[in-house]
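In what comes next, chain A is part of two complexes: it sits with chain B in the first one and with chain C in the second one.
Let's turn to the complex of A and B:
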């Protein structure tokens, strides 16, 4: 890559076209920056720091690239860089980060969000009065309220004026105001946040059910990381180890009496947050610890891992073999070749999910086509081995067109003179295939075989849609299926565990899977390198 | 020069950003509601009426019923969630764990709702939703084939054997597989349970009843059905109803959702009865919930309590099935399930819905405790393992109970 045309332009040349591009570039950059800033602001507002920092860094990078003349060659790449960073690198980094947190149900909110939620809560102080209310409206669209307290004392209040004692039945009109309809009463609530009545020392807020002086219920003090319940006076302190706010005094008292007291027993439980006010926090290796010490690992993990490898390997082998065979057949000249080739691509053109569900229907033991034509075919879905075979057949159907297409292309690229030379040397068809076609084919197809292996290693769609990993492993310590592969097992473990989703735990497992897949891939890369050496010798 | 431009750029961008944030806050109060494809058309008709009469805009977004739960969890903390969403009562354990639900007070409207429906939406003594409909499975049979409803499941087996032997049908009673929800009424008919339940207190997660005597007895009965060749394999919802429609099966357990979807269009005679042997189905309650992150909570409450629950408002809505209906909002919401709103339930004329409602008179609210999600899979696996003849009944439920205890640890 050259260092750009800037240095090549003779100094002093008027840069008329340069000004236009400059303005376009600056406007574009401005829009990007404005959007990024807005995003960063709102993310910080919600306490989602990770993403805010990532977007800030990426925006900064894009700005630097587009403003520094030395980096001009990178300018057209900068959108790609930004998308790569945001769409590929950030999710990876984030997954790793999440694996070390307790992110999941019960700890879904960030601390900032949890505090925001609490700080919006209000209560009626002990000295306050709860009034039931009726709305009144005048010509100008101003509201007034007719308030009645529990003892039957009534007041009329216009806007932020004084409370005037009134009595008797609620009239239809009063002081130039008429009684509001139900709809108008509701409409008052649309502005409830700003709609306050009464004088400054007795400022009343309107809710659907009552009118009263409302005070904030909770106050958060960031310096001590404590939430004070202003109604009861209880102080709660954030415990970042467990990701909950806990009752400070009670925990400290318990700790003094018993050094083994657990903070989990003093979690802040309030109405609307019955399981405790939890938030996201970093918990170190706890997720990995849980995985390696869980019954999930002692249980069926080894058999699931073996099936995953067998499944991925067999899938690649069968699809490649059939794809290559069809590609070789399609090399010949015969009537209807184009038609057949088109038809053979059909499985590739249909969305995989639909194909899988269709196949599932065909294997159905009551009405499925296979049980109709093969009398005595047992219920495929009830038998682990049969389900596995069925899955491989389905995957063969789904996968062979891909290799057929790839092989067709790769075969066409093999020079014809090699075959002529082989013929001259007296090689037969099989020898030509074995010593010319295969090695040359594997050089170009090898990486695709690996990617296909990796894809099938994590082929959640097929497994989940075909039989959801079932039939079950009957004696497993935690629920698992005989056709579960690692990724579908991860899903089971992470999302059906102790009540809802546990993203931190799921991330930890996916990192473990990544390590496994990575190891396998590196081993296979070594294998392709061998093929390349073969090709050099041809 | 360049420095000045850069400075200008930053300032302009900052202004843009600040304006964007400010602008987002200065919107007029509107309501956003998330609903599934059955309720969304009704809510859209209600929205028009609400705008007309109350002058407040309501937007309705349609999501898959099951997606609402997960989307609420993702969108709400970021401030993009709905103000109101519809859902099932058994979500509240999980959603309240995340602090996403606004407690509700129905005030004087409380007595207008079916107590069982309110109990469903109550968690740890706090009400988290306004129910609109209930649902439960019942015993559905073909009255041309089954002359007398069997008294208990032993009778069901006897009748099945007789019908099959006489060649009237291929199968007598057929159970829908795939989830233990449809097995639960059989389990309770034999005295089994899932979690201990105490009136007024709720479910006790420490009292697991999967391996209780009654539960195992129910599974043993089912094992007997399979051993006698009276149960086909791999029967999902579609297969079960196809068997029933083709008169190849005479008795099934299904819910009101099958009425418009299968039973009525099929033209096959059907009758609805309570579960034999006093079996209690799960009661599912659907209702409206208010998002704790909503900025218009008071308005949302008013929409639900003053408008949706009003008895003097009539709306005309064209449902998902293309049928136009007119009625109070709550009556419209209860068009395909028994309404949870007593004034609407009293006016119910649909004999099928009334029959389903009667079959659910003793129903047990589906547990909303978060521990339940650990139970479904292990429990269902055990029933399937028996259906597939992989293990015996006793061992299957003992294993399931152990799995659940492992998960709940």
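Let's turn to the complex of A and C:
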């Protein structure tokens, strides 16, 4: 048995789990599996295979853990694993995937969804069934139609219901509907675009002179990856490099005449989609290429990157310095020690967003408290350097209590006899601090300095709530601010709405952050040392 | 301990012969200490006093604010609060408060319920791959999930089509992401505490014929109650105050949490004129955290230092 000490049962107790436990477990698994299967098939049906694979993998994992007796200890963790996989691991993996796609505005749909969208489009065929029509109206303002085809067969249809065969003259009232006046009949036409009649497989289009049965306009052929426009006969072929359907014949003709012809000039456009029905597709390293090589983006990106590093580094340095100073001052016994500590912790005990916005208010240029106290204080928010300094002050306020707590604990853990020995050797106070306190302190809280660095590297709340990353960097192709850090820039690219959402590019930036954060953590923290420490604890 | 050895335990307290007597030096040091600490307290508390004062300024705009609220009519003292709470259509403040409380409570309970058994298994069972799994949990936490906010946003949009209650713009989706994101750290934290519960306790129960599940429920959980409560409360506070993911994942005014609501409603536009309203909301919003931190400050201090000293 690989399971541990606790599973070696004392003599006389049953080694087989109770029948009830078994039944509960199997029924539970069956419910989970049925639900997961339904979800997986629905996802595949819409072409969202990434998530389908992830859900399938998680489900498989949960099943294996719960069915194999060897993995019994892991049963205690299966919900934790499932959530960790869905909430952390899959998003990381998916970020990598999205970074290599054109996912974003104009390419939000999967190819399957794009085809579905096209297949729902209809048109009025030249041939086919046509009806003459009369409008009916009920109290609620709903319309119904009385239809008569060329052979004299009549039907009554209410909204998107089925066509009911009827006979005889057109009555004045029928099934709670009354015959519409001329004006009402005309009004129906003006809203006809949104008013569809008949069931889904037999949609009717209302025009002034007749009602016609609509036919699907596009047909997709998966074997050739082509869409045929049944109204015009044009054939479009999917181009997975750019994520659009393009006019096959026109593009091939252009290519024959000019080998440099671009597929982008032959995109299939339909009503409501003037830029074409784009779908998302893998585009290789294009997003990374843009990040590292685009001349227009280079200036803003370098400035943002440098500020991110400077900001994170300065934040750690200043908060650590002040926190250590306070911790040193709080050493020993003195009157009011607890009072001072409680008061000095207060910044740590207030939600960061509220604190940052409060500081934003205090720096407000016209009425803020600082501009009232300090005459001639320039508008901090209009100047990049001043905003940066203000951000560091705010972060000092936010962050020193953490290091105060940490350093207090770490100082208390330094053995007193070291100082006594130093004193015997004739060291002064400064020397004792420099050669005993600091080295020991840095050893014990070094990892926390690094984690504070990575935290600040991604301190979106501070940057966004203080000044939204502004003031803006002039003529940046993607809107960017002088106090933006990489994560807030990522947010702009993905969600700000200016210039359109570009999830692919935003994910590429996330990957760059991943790499930086990961490298910093692994290198400076001295992962090997941490490993050893961890393995001792395990 | 003698007084000499006590002073030498402080880093600054190494004694040297100077011109002053021991008592004079101590007085001087105390004077410097109190002077610096007083300055720091002003720095620490001023913004808090300022925002509290703003919340009682009846004129709402920043221009009219002074540190001591200038109120002739005491009935106007709470005008910001009544305006904020009395206009549910313009500022659905109670709704935000409710959303925050709901999301934070469910997340906190979920974290404790899901991490405790996992931590128990890591602490008590010795199985193949246990060490690697633990290391993996640690490694994963190097990447906080707000870094993956884009893909989390996309994932919830996709999931929401099929399972509406955990989709984008729902508290369910947010809770899912929060619980998943906190898993690694909390398992480590809790495992450390379970390790400190003597194994004799559960072994005795097993000898008495209890099953592992019974041991866990009747012995381990009661013994671990203090840490379960601390982890639950701290998770609650952390989630209550979380801003980034909530802003990314909640779109409608009605579904915002308090932090998102305060930010988007009062900061994004017309900031200076709605200052009083924001201040009132801020004072209410900071209360839960403030209370928890001031009540639990000793536990928090020892919790952070435990990590520090071990690292």
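FYI, the second predicted complex is superposed on the first by the 337 of 538 C-alpha atoms of A that agree within 3 Å, B and C clash if a C-alpha of one lies under 4 Å from a C-alpha of the other, contacts with A are read in each partner's own complex, and residues count from 1 in each chain.
Here, a residue touches a chain if its C-beta (ideal position, glycine included) is under 8 Å from a C-beta of that chain, and two chains touch if they have at least 3 such contacts.
Source: prediction; values computed, not measured.
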With the two complexes superposed on chain A, say which partner A:253 touches: chain B (first), chain C (second), both, or neither.
neither
Which partner, chain B or chain C, touches the larger number of chain A residues?
C
With both complexes superposed on chain A, which partner does A:389 reach: first (chain B), second (chain C), both or neither?
neither
What is the contact status of A:344 with respect to chain B (first) and chain C (second): first, second, both, or neither?
second
With the two structures laid over each other on chain A, which partner does A:302 touch: chain B (first), chain C (second), both, or neither?
neither
Is A:24 touching anything from chain B or chain C once the two structures are fitted on A? First, second, both or neither.
neither
Quick one: classify A:272 as touching chain B (first), chain C (second), both or neither.
first
In the superposed arrangement, which partner chain does A:492 touch: chain B (first), chain C (second), both, or neither?
first
Check whether A:367 is in contact with chain B, with chain C, with both or with neither, and answer first, second, both or neither.
both
Touched partner set for A:458, first chain B, second chain C, both or neither:
second
Residues of chain A that sit at the chain B interface in one complex and at the chain C interface in the other, please.
42, 46, 48, 364, 366-367
What part of chain A is in contact with chain B in the complex they form?
26, 29-31, 33-38, 40-42, 45-46, 48, 67, 105-106, 108-110, 113-114, 117, 182-183, 185-187, 189-193, 206-209, 271-275, 277-278, 295, 364-367, 379, 381-383, 470-472, 474-479, 481, 492, 496-501
Please name which positions on chain C make contact with chain A in the complex.
5-16, 30, 33, 36-37, 40-41, 43-45, 47-48, 50-51, 54, 61-63, 65, 67, 114-115, 117-118, 120-122, 124-128, 130-131, 134-135, 137-138, 140, 142-155, 158-159, 161-163, 176-181, 183-184, 187, 192, 195, 202-203, 206-207, 209, 211-212, 215, 240-241, 243-244, 248, 259, 262-263, 267, 271-272, 275, 278, 282, 285-286, 289-290, 292-294, 297, 300-302, 304-311
Interfacial residue positions of chain A with respect to chain C in the complex:
2-7, 9-10, 12-13, 39, 42-43, 46, 48, 51, 71, 73-74, 76-77, 79-80, 83-92, 94-95, 98, 103, 325-326, 328-329, 331-334, 340-355, 357-362, 364, 366-369, 397, 401-402, 405-406, 408-414, 416, 419-420, 422-423, 427-429, 432-433, 436-437, 444-448, 454-455, 458, 460-461, 464-465, 487, 490-491, 494-495, 503, 506-507, 510, 513-514, 517-518, 521, 530-531, 533-535, 537-538
Parts of chain B lying in touch with chain A, wherever the complex brings them together
2, 5-6, 9-10, 12-18, 20-21, 24, 28-29, 53-56, 70, 73, 77-79, 93-94, 96-103, 105, 107, 123-124, 126, 232-235, 239, 242-243, 292-293, 295-296, 298-299, 301-303, 305-307, 369-374, 376-378, 381-382, 384-385, 387-391, 395-396, 399, 402-403, 406-408
